[in-house]
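I have placed the structure first, in the form of structure tokens, so that the comments after it can refer back to it.
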Amino acid sequence: MSAPSPMPADLNPRLVKTLDYTGSERLTMNMGPQHPSAHGVFRAILTLEGEQVVAVDAVIGYLHRCHEKLAETLTYAQYPSIASKTDYVAAMTSELAYVMAAERLAKIEVPKRAEYLRVAVAELQRVASHCLWLGTWCMDMGGALGGGATVFLYCIRERELVLDLFESLTGARLLYGFHQVGGVRYDVPEGWAAECRKTIDLIESRILEYEAMLEDNTFFRMRTEGVGVISRELALDVGIGGPLLRASGVAFDLRRAQPYSSYQDFDFNVPVETAGDCFARYQVRMVEFRESIKIVRQILDGLPEGPISSRPGLKSVAQVRVPKGEMYARVEGPRGEVGCYLIGDGGAKPYRMKWRGASFSNLAVLPHIIPGHSVADVVAIMGSVDPVFGEVDR
Amino acid sequence: MSNLHPALIGLISGGVLLGALAGLVAYVTLLERKFAARLQSRVGPYRVGPHGLLQPIADAVKLLLKEDLVPAEADRRIFNLAPVVFLVPCLLIFATIPFAPGLGVADLNIGILFFMAVSSMEIVGLFMAGWSSNNKYALLSAMRAVNQIISYDLPFIMAALVPVLLAGSLRLSDIAAAQEGLWFVFYPVIGQLGFLAFVIASVAAENRVPFDILEAESELVAGFRVEYSGMKFALIQLGEYAHVLGTSFLGALLFLGAWSGPGPAWLGPGWFLLKALGIFLLITWVRWSFIRIRVDQILQISWKVLLPLTVLLVAATAITIVLRGASGG
Amino acid sequence: MTDADIRARIAEFPDAVVGAIDAAIVVTVPVAQWAVFARFAKDTLGCTYFSFLSAVDWKDDNLEVVAWIDQPDSGTAVLMRTRLGVGVTTCPSLVPVYRGAEWMERECFDMFGIHFDGHPDLRRMLLPDDWVGHPLLKSYAVDTPYPPYR
């Protein structure tokens, strides 16, 4: 195989939307893969006229590990721990999508206690993920040496409390390996429920503090209102999900529309805003904090007894033979719809697994909405879109 | 002492001031870091020396030992000269500030005019740094900087004119002496508004958050100083902090009565330092609490809000003085 | 449109073979009707939400392109699929219908080598531009070396 050619010609990126030429000089600037606010490895080739962005070419793939090919080589028992590495900030929901797809295809029953535990960790994970979102977004807008860092450190402090809960439950802080085909791997230890209640009470009180700190702040409002408006039609067409979709006026939440894993047993609201700008997305996520905490309280109050897996003991690591067929399991992750399209062929390994990452579709909307804003708004918009590049690149 | 050649006196006092300044600026960075840490529920520098007191020295040694990089395509002479051109005005502003009645390097009778004029010179150094780095981020930042600093120097000067009018002199020691009875900040309405406008304009003119769009790390990755490392970076940092401190001293002098305070006269410089640090901490507090706003919003605030208000303020002060002169004596 | 209406209308679509996965409708259409069905689904059935588009390599049974769309009001989900012919690697593009197909089709091109007619900007998405080969094809071994990346 010959040596690869030198850096490819991306000097003329084809641009989704380019604003009309107004006459001033155009500058091509790279917001490169190494950048304090790229949220991971992301390259945006911006074409600027003065301070205004007229076109964006998004280059991704710096974190590509080809999960889809990898899944064809790993059994259904081996892969869930790897699935968490797609959306590594919300690992619980990532694992859930894969495991649900395998269970539905193989028609494996999941015990009630396991379902409730799955929902509990998914909602706690949503709280932790939104804490990280708020912190990094404010840090992007406010500077790593400045007011943004203050909000970041407060949010990380809260996130650490939730991660402590996960650590006592599964042994890991970030990437868990908690789900397995047939149920969950770990049961709640002694005192976990009490600790959990204390933590979510504390987080709920602190969220009020952050809301007051941010919403009363004129600078915050100036930076976020009217910025990065995604219209309802664009939102549906591109297929963005989660808080982005709900902030643009579409009341589509998979936990409500297509309930999975016992979500139909719980009482919670789905926030919807119509403005479609960064501030609307912020408001949706702040309400989601509270709703997730509500769900966790309901679970802690009514956790049923029983086994935590329908394939306990040695069977949990044994091979699962999934019959021929296809299945698409979707989960409402903190960023949107995380889905696993699985095709089984009767063996212990999938024939084809397609991972639908929420951030991949969310990011696809950037070239449509960024042109027309200034460079400073690019970071505000990217932060409110909240991409995680493990999901984008897989 | 007084029979020494005046040039020699100037040299010695300048040297003493520079030395004191270097030490003060270094420890002011530590103060800021500790203060910021407490705001963020953490401890700040703790391990280097007792409670982190040797941290600034460690930082200085580190910066001295770093490799001095010059980008290949950069304009070498301007690149090397820019930190110096940036630093010199920032240090020179201290020349006219009297730390006690009669204790200053050069108590010019156009003191405040000199201060304003010289402190605006740093823009030249800033732009030289941004331009010569051969880096789009640096260039973008330098362009924003020129825009912003020029826009905010006007309200800064207008706000500083209020105490000048009230004291009736451009000489800084006269302004300080005129506050023996009542600090200018306590003058009804005019004093408070003037002080507020002064602080806001100075924060913006020094590129501190929330107006630090030009070095917005999360967008422009350190802006105009992105290509600097080692001692040149240290010089730029020194210049920035010296400028902030200089404006804090000026603010303390113009509005907070400089060296007047309870206790014997030799405590005067101590009070002065305390007041200046108070203003510095106020600026720092704002820095660690707010997110930054976009450059077009910054310029809107300056031209549409701050400048008209400060012009009105100066006019009001002038009217007050005329009325006071007409009624009182 | 209600769920029952959608099912009835799909059954009327010429050359469509209808199946099911749980509650979702699976529609198999020939390649020539791929973009036509997508337009029908978006305009007539109201399936305005585009979830994903991907492909499957069935080895001897050729390539297959699948897409998942939703109708947000009634909650109906539709999986549309089409089997490409022997040795055929081109397929009509859905970009004129759904803008979300743009990145998804680029990824399919990257991973399977399927060329989408009518795509405005078909170039590799996740892999470097100078990569040779299409990894998700069954003929591409998992441990294929590619200097300097591995």
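Each chain gets a letter, A, B and C, in the order it is written, and its residues are counted from 1.
FYI, contacts are C-beta pairs under 8 Å (C-beta built on N, C-alpha and C of every residue); 3 or more make two chains touch, one makes a residue touch a chain.
Remember, predicted model here, so these are calculated numbers, not experimental data.
Chain contacts here run in a simple line, from one end chain through to the other with no loop closing.
The most central chain, judged by C-alpha centres against the centre of all protein C-alpha atoms, is A. Separation between the centroids of chain A and chain C, computed from CA atoms only, is 23 Å. The distance from the centre of chain A to the centre of chain B, each centre being the mean of the chain's C-alpha atoms, comes to 44 Å.
Rounded to a whole number, the gap between the C-alpha centres of chain B and chain C is 61 angstrom.
For chain C in complex with chain A, the residues that touch the partner chain are 21-24, 48-52, 54, 56-57, 66, 68, 70, 72, 75, 77, 79, 98-100, 102-103, 111, 120-121, 123-132, 135-136, 142, 145-148. Within the complex, the chain B residues that touch chain A are 36, 39-42, 136-137, 140, 144, 209-210, 212-213, 216-219, 221, 287-297. Contacts from chain A toward chain B in the complex involve residues 27, 29, 35-37, 51, 138-151, 153-154, 157, 217, 219-220, 222-223, 374-379. Within the complex formed with chain C, the residues of chain A that make contact are 1, 3-5, 8, 10, 14, 16, 60-61, 64, 66, 68-70, 72-73, 104, 233-234, 236-239, 250-252, 257-258, 326-328, 330, 337, 339, 341, 343, 351-352, 354, 356, 360-361, 363-364, 368, 393-394.
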